[in-house]
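The structure under discussion appears below in the form of structure tokens.
Chain IDs A, B, C and D follow the sequence of writing; residue 1 opens each chain.
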């Protein structure tokens, strides 16, 4: 019948549209079917193995960072995270040590042969920060700070891009495309929980975003278990789920003494728990 | 100092409050620290092993159910699900076969020695339905249909209670308490995704609700991977994540020919995929 | 060009689909362009004038209800609401007086010549309840309790249907269609807030749902300012917004002494505020 | 009893905490009880009267902006909005004309004696932009771009700060505090809809945020009816609700020919509708 024919044309048109749209993106599997592998200090993100990034929420002092680095090194890990520029909800909360914090990270990283992951929040700081860090982190609150994305797209360093608090998977992929479209294709995506009505966790870990991102893009996908849950008691179960569903790695916060941490004290692991985490999670 | 003392008193008061509240609930770990184990047709939900419930979204015919039952049986599984009373968004969608559907389920279950899980939607049907089913399912849309919960609390059959689409973990636990408070403590909780802004999946699977429910209650916790994702391509990854994070089991829909199913055709597995599912997921 | 032609066909197909879908519903404007007007005790909901429904959250005693009725009457209003069957999150919260509560409502309503609006939660109670009430309220938690909707569709009394906590506008319209499809077209829709991440209000009042519902359906649309905000200080502003945007009326809770109310004590108005409410809101 | 005493101490502690927290903020009513009034080109935002800001989504050409300016002027209005730097989800969407766009705005504004409101997205552009604009708009996606907030706090121009898509009211107030804490107290808050599960509107207009913001802060509060609804047919009803609930003003997009607009073509008003808008909305 005519109606049936019409429906078929309609469906074909629909698929055509979607097809064209996905095909256009540089980060999409349609554009590049094989996995992008990003090598950082010997770790190859996207190669099918599990990778880990640990470190304190915020850089507080040389001693604090060095203590964490020692534990990271002892476990055979290669990356260290730490916040020097801290985007905080209130202007009166600890805002991080800035470049002084990056200097501490760099010094410790050199001593322990680790690569540094740290968040940059201002496009103007990016160039200078490249001397200190190995991976540029772009945080959830800045996922649609397009000026920062463009700036990160013009440098030659891997970018760890966190999903925005209310970003759809499509928004997230487009944010990565901003970076890639400027020339930098070394992007690691990081699911970190989305904002929902549920209050038993700080955010809701959208675990199925991981296989969707792996299907739709060729980029490595990590899960930040600290910010998605906001609860120390959920870090190990969440990490197991993340790796089981196909994440390329897990990110979590470790602090020598979480109770006195200048930020996020309720959700960082101490060293005893860090040991347990690696024993239970790593396969 | 006085301020410090005050803060200590304040904290103690806070804990006291929370403490009292949790202690009151029959379903809470505080009330009963050991796991509740519910035996159904030889499967012991809550015993630390993995359990599975499969079957078609809706009962359509004897042949359809029997074909699925044969596959379920062949895999050594013991439970069969199938909808006879279907809560559908539109009154013009297929509403299920009702008691005729329950009769089909019962006949097939007897032939294949399987236990039947089926949703009941009207308190008035509950008594009669007990002759046909082994587990009363209460669906997401009825999680706060308190009359139905009370009725289910007064019978002597296990209840599989699904989380409401916008229920908090606390709402969910209280819904279980409605059943338990009327005398029936054989309750299996089932996470099935929550409604969020994200549109790439039908619902957002709240995976960390699983360990929270296991901590807060002594009840077995399942994950319905079909309704949480609404996408066939996510069923296997979601099931792996669910079991990795500590779920007692997984529930999914299987149909001999999903393309012609009267409901949920986009998300049911065919038999080939059902085989693959069990091979990849079961440990 | 061919591509352009194809796009035009595609768009036409899209509109055709949507068109067909909306046309099917009895509650839609497409089916019946003129407004449905529902007369209750002389008030004509849907006639373009403002209508009000007030009363206590829960019926607690004859004295309590009578005191409120006196105030309602004094303002020239015609309807009285009050909960006899209370759906509460916890089984240990006050569950209402049941039929005893309906008897109190009926007695008071007769004495003050008011019509009674009260929630029914069990299809089995509906028939009997018709002797006591003039408007059947179906609450948010039961918006997709389809058995209750069907039962309400088979009686000859107006139904006040509240939007579910996570119901889309389309879900809401379909729930109304369940009632209408069984023969009862006297339905008043009631927006009462939706569940979002925002915590400064109990729910988020989705104010633009009002004009959308007025466009899409021919039914009267009310706003429950009590449950949408959960805050006494927002009742008057929210009522003004509701009427400004085109709602046919407003519903709110009034109690002789909110501080000792058995439920919702934080959000009911006392008589002094009730006076102020009517003075400021009514145009 | 001791328990009662304990509870009283507990409550007192709770209030003390909340009290201290609110008191700290410069933007709070506790700090400054009287309304902040911000004068821009003769319009006094926060003086209790209604104020309006109109203009095209994006600056496209001198002719386009001039045509809109003429209509704005004819209605006796004093402000003109227009986007020169456009934050777009995809890098391949029109990104705005940048400083060339600001020059067009400035030229037109001078010709029609209007003040210019335009979004700035990069802290590095702020200083230079001050020569062209009268009000710095900070968009929803940058509400927690704290570097931009700090930069806006250090200049002497009014800031129109839009609420983030998933910002709580508390987050929003803290974002304003970032600006105020750097010295600039001339801040207009703008509710523009939040991201929820509902899909019938682009965002969900959180109308009760308006009276809450008016209570909690001393700043003027506007409502952007274009981005909150994303639907031309809802602009007038939403504006009526906004003013009824106490907003200091309304913001909306106007374009000479919305069908050919380079962005947001589905939601901008044409001149005929602009006339109708002002006739129906203004009191």
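Points worth noting:
Assume contacts are C-beta pairs under 8 Å (C-beta built on N, C-alpha and C of every residue); 3 or more make two chains touch, one makes a residue touch a chain.
Bear in mind that the values here come from a model prediction, so they are computed numbers and not experimental data.
Taking the mean Cα position of each chain as its centre, C sits at the greatest distance from chain A.
Interface comparison, C-D versus B-D: the higher count of C-beta contacts falls to C-D. Remark: chain B and chain D have CA centroids separated by 45 Å (rounded to whole angstrom). Separation between the centroids of chain C and chain D, computed from CA atoms only, is 33 Å. Contacts with at least two other chains are made by residues 166, 170, 195-197, 199 of chain D. Partner chain D is touched in their complex by these residues of chain A: 24, 87-92, 121-124, 141-142, 144-148, 165-166, 170-171, 174, 177-178, 181, 195. Of all residues in chain D, only 6-7, 9-10, 13-14, 17, 195-197, 199 touch chain B in the complex they form. Within the complex formed with chain A, the chain B residues making contact are 166, 168-170, 194, 196-201, 204-212, 215, 228-229, 233-234, 237-238, 240-246.
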